[in-house]
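Order of writing sets the labels: A, B, C and D. Residues in every chain begin at 1.
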Amino acid sequence: MRSFEVKNRTSVDDIKSLRLITAIKTPYLPDGRFDLEAYDALVNMQIVDGAEGVIVGGTTGEGQLMSWDEHIMLIGHTVNCFGGSIKVIGNTGSNSTWEAIHATEQGFAVGMHAALHINPYYGKTSLEGLVAHFESVLPMGPTIIYNVPSRTGQDIPPGVIHTVAQSANLAGVKECVGNDRIKQYTDNRIVAWSGNDDECHNARWDYGATGVISVTSNLIPGLMRQLLFKGKNPSLNAKIMPLVNWLFEEPNPIGLNTALAQLGVVRPVFRLPYVPLPLAKRVEFVNIVKEIGRENFVGEKDVKVLDDDDFILVGRY
Amino acid sequence: MRSFEVKNRTSVDDIKSLRLITAIKTPYLPDGRFDLEAYDALVNMQIVDGAEGVIVGGTTGEGQLMSWDEHIMLIGHTVNCFGGSIKVIGNTGSNSTWEAIHATEQGFAVGMHAALHINPYYGKTSLEGLVAHFESVLPMGPTIIYNVPSRTGQDIPPGVIHTVAQSANLAGVKECVGNDRIKQYTDNRIVAWSGNDDECHNARWDYGATGVISVTSNLIPGLMRQLLFKGKNPSLNAKIMPLVNWLFEEPNPIGLNTALAQLGVVRPVFRLPYVPLPLAKRVEFVNIVKEIGRENFVGEKDVKVLDDDDFILVGRY
Amino acid sequence: MRSFEVKNRTSVDDIKSLRLITAIKTPYLPDGRFDLEAYDALVNMQIVDGAEGVIVGGTTGEGQLMSWDEHIMLIGHTVNCFGGSIKVIGNTGSNSTWEAIHATEQGFAVGMHAALHINPYYGKTSLEGLVAHFESVLPMGPTIIYNVPSRTGQDIPPGVIHTVAQSANLAGVKECVGNDRIKQYTDNRIVAWSGNDDECHNARWDYGATGVISVTSNLIPGLMRQLLFKGKNPSLNAKIMPLVNWLFEEPNPIGLNTALAQLGVVRPVFRLPYVPLPLAKRVEFVNIVKEIGRENFVGEKDVKVLDDDDFILVGRY
Amino acid sequence: MRSFEVKNRTSVDDIKSLRLITAIKTPYLPDGRFDLEAYDALVNMQIVDGAEGVIVGGTTGEGQLMSWDEHIMLIGHTVNCFGGSIKVIGNTGSNSTWEAIHATEQGFAVGMHAALHINPYYGKTSLEGLVAHFESVLPMGPTIIYNVPSRTGQDIPPGVIHTVAQSANLAGVKECVGNDRIKQYTDNRIVAWSGNDDECHNARWDYGATGVISVTSNLIPGLMRQLLFKGKNPSLNAKIMPLVNWLFEEPNPIGLNTALAQLGVVRPVFRLPYVPLPLAKRVEFVNIVKEIGRENFVGEKDVKVLDDDDFILVGRY
């Protein structure tokens, strides 16, 4: 593209060097549409506190609950408003190769800096099919491949990654299988990010990971920055662990959605099938915030325990 | 609806009594669009050989690779052409509650007799979320819930089924976890179908299952009819087992797609991310056909080993 | 298609013989979704009172305010519920050739008996472009072409019709330019329907038109049946003329929507940009009903003047 | 939005001052998808030669032949690549109020500087309906209303414009009815642009128009810049008139598409229902280019007469 705007000059190497990437939450208005004002505030907090990239419409951002036009719009919006300050990585992956192709073309056309690609979850395919799937989208631009068998029902074995790594566009792997797998990649000069907040400190400092694609950094971006940039810090890691454990007791982003609502930075609106954590857990969160320190969390309002009636669950939107 | 057409009078009990339901294959033209002529022939063979229902756009039918308008169109088409002769069960489930609601409304509006609903795969949710998801769609009409943790990454525990079984619209469960789970349901008067062709004979005759939602019946509907209707028949069950095992060596419907193409009843066109089985497996299939008897399989052409070049893989459609 | 269901055997000649076709109203729920129960009642009244066909999602049915998936769903629904009793003609035309192709394929796939095709309104094209547009869809099945320059900004000249009439699928023309144009067609053995209710009696009995595609028949199907089937009847024609004139004082279907709401057969819900007629006109309608006789109109409730507050205008749906 | 990027600070006054706005052509690849590389080159030529704004996906840009996701993507793409150098006005109008609302929200979300809104063509509505339609979208951002009765079948009378001008977001009117209507607006301090290239010189210098929204400027942006900025110039106006007349002999953008292909700046690909001008007209164009001077036209290749076989007409895309 003959664009003269600086933000569009992103290379694969730029992506490879990102240490703290936040899988950003998508907030909603009471009728279920995107709350772009709240979203912009969330992204802005990430920039201010040192995140270097955002995943737009990941599983955390509930891309699976968006129509594709919403999804591409949100990518374009993020690039337009913040693309000069933070790398915008669109989750344009799909279990349908055609959808992945179409969304990835559109995502790069509206300026995303990189694509996140998942293997075909639910439908699954053979190893040859995995390779064909990824090779359909890799030529389009910088790409991170995402492996999370607990969601997809199918591990992406290292052999597949090594095959597709022949494309210069492969920036690396977001790996959730664990730090041994990460080491296997980094030993072979394949960039890896931990997809598990509880393991990311060790992944970074002991297993060669470049950094993390994080859920927790939605809440405490400054502490996560410190954890990833300031050298080994087991005591900080231990300090945030109760929060991390709390966040993942139910499938993500149930915990995150509940937390951000109680911090007053997003409206307490859930798109089904997500529902808030129960009261006992909501009380627990407030205690965790106090323990870690309110000042380390995003937003400026007092954290509070919301009532069941405060939440709005939206089925049609 | 004030319809006077007979086929629209389907009750939940009608659905509960179906013993042989085929998760029907969707065949394609070389440009990736549906091959409706081949599809109609496939459905017709099912009717002639005794299947009582079809799942339209299931994982076997590659609903995950369809746009929703294609998907609803295929349901409407099937009802319109065959709804008087076979029960049409639309796979209008989704991991997005909103998509499931919208598709299920549309599916019933175009006349489907029942809906198949999956739990939210990939995105996953809490148990409360599962119940909220299913309760969003159950009021619309007869419903089968589908449990396949190896695809979804999350088991639907019996407690959830018992909760949603309070709806009179729950016809039953398509269960892939195994025959002990099936027995747990049938002992409690919840209708269950086996979702595993290799276990369905025993599920039916020893564990109380009503029948099967089958992939294999795409190929040998008459034998599957016999297996499900004519009493215990371990020798027949053993006879078909090599075929069943062959079919599921790679994620379904890779084997089925390859088989139907070699039987000459569909064009050898694959929508990515599915790719055909390799040559050695294709040779093996021809031998299996000969072993079981060509006359037991759908179609009338000679079975043949296709070359790699015979297959068309479609990414954009 | 290998369908054994009788209703699917429609020939072009069946379509050519239809004398009374109603451009059926689409009624809405308060949230703007289709009110299928009310719709089914409307179609049923048409069948009972002698209409032989319905146009689904025409300009009267506000196809221009539907998403294509809603539109195809409504066609499939109508076929499924009433396709054995009335011919279902889907307005699958568009000013985009690609949309017309896609919608027409889908419409025939869900069983519509014929397609209605408009020339590319708003975008317009050359005469060669018109021919190319119609020839893209004519091979798919029985087709009526619709000429209404006051909406499209472009007359379809007879030369274009004569060119495309080489396709055996052209059933005829819905012509709004006037009865001289109709005679020009019928003299040349091209079937024509009047698209103007005020001219249809004469079109039928003096200019060779087969019949009418009517808006007014939504309200008084029995009288329209009489007008088209029982021979010349200028006094009946004069009797209904005040109603016809009232209906078209504002762009259709504003008058029709207002009328059906006041007759109590649809909810007073308008999708924008349509808004109800003002109070004075609403009073006038009640008087017209009394003049012609309530018993000649659809529905059984008393006709009443609705208040401004009774109407719901929906922008988002 | 909390964006810190300069290009997002556009006011209604910025829009009101634009004198030369080009209704930019959308070029295609042979398979009918957007040719973004050629598009970027076209936009870049506009910037270099002095156009101040582009209409994306107008009737000239064939918005009517785009899916909404393509359309919004193209707006987002244009903003992302060129939004710092030229104002991006998205044609997010529709004859469906809901579509106009949805597209306009998305267009502003991806950064467009203003919206172009048409009255509901084809479907039409009452004057109250027109006002309701425009008032549904005006709150979202700077807006130009477009009046072209020869396409819409319905004039927007000045009374409607005066009513909606109460919104501070109304930037002005793109008026095709003629210069007397323009004067009526500009005398009342309502900003107007001529929508007719043959009248724009006089509109600008004698009738108070701010400028033009031009088709011809796709071809000769520099001369159009001169015509609109350098004072009265009847001889320049006369010089370009043969080109303008040639361009509009068939419905726009048929002439423009043909011309740009012969200038070698876009591939000769047409989305139906558009087809190229016939050979005689194509020869005529080459002569007009020579008369006006090749150097005044976009592109650097020799202008040439294309053969019928050089053109690709695409129905499915």
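In this section, a contact is a pair of C-beta atoms (placed from the backbone, for glycine too) under 8 Å apart; a residue touches a chain by one contact, two chains touch by 3 or more.
Computed from a predicted model, the values in this text were never measured in an experiment.
Peer 1: Quick one: which chains contact chain B and chain C both?
Peer 2: Correct list: empty, since no chain touches both.
Peer 1: As a test of understanding: of all chains, whose mean C-alpha position lies farthest from that of chain C?
Peer 2: A
Peer 1: Rounded to a whole Å, what is the gap between the Cα centroids of chain A and chain B?
Peer 2: Inter-chain centre distance comes to 34 Å.
Peer 1: State, to the nearest whole Å, the distance from the C-alpha centre of chain A to the C-alpha centre of chain C.
Peer 2: 50
Peer 1: Taking each chain's centre as its mean C-alpha position, how far apart are chain A and chain D in Å?
Peer 2: Computed value for the inter-centroid distance: 39 Å.
Peer 1: Would you please write down the residue numbers of chain A that are in contact with two or more other chains?
Peer 2: none
Peer 1: Hey, how would you classify the chain contact layout here, line, ring, star, complete or other?
Peer 2: Contact map by chain: ring.
Peer 1: How do the chains pair up in terms of touching? List each pair.
Peer 2: Chains touch in the following pairs: A-B, A-D, B-C, C-D.
Peer 1: Which chain C residues qualify as touching chain B in the complex?
Peer 2: Interface residues on chain C, with respect to chain B: 1-5, 8, 34, 36-37, 40-41, 44, 68-70, 72-74, 76-77, 79-85, 106, 109-111.
Peer 1: Over in the complex, which chain C residues touch chain D? Could you list them?
Peer 2: Interface residues on the chain C side: 32, 59, 62, 64-65, 95-98, 101-102, 120-126, 128-130, 132-133, 136, 149-154, 250-251, 254, 271-275, 277-278, 313, 315-317.
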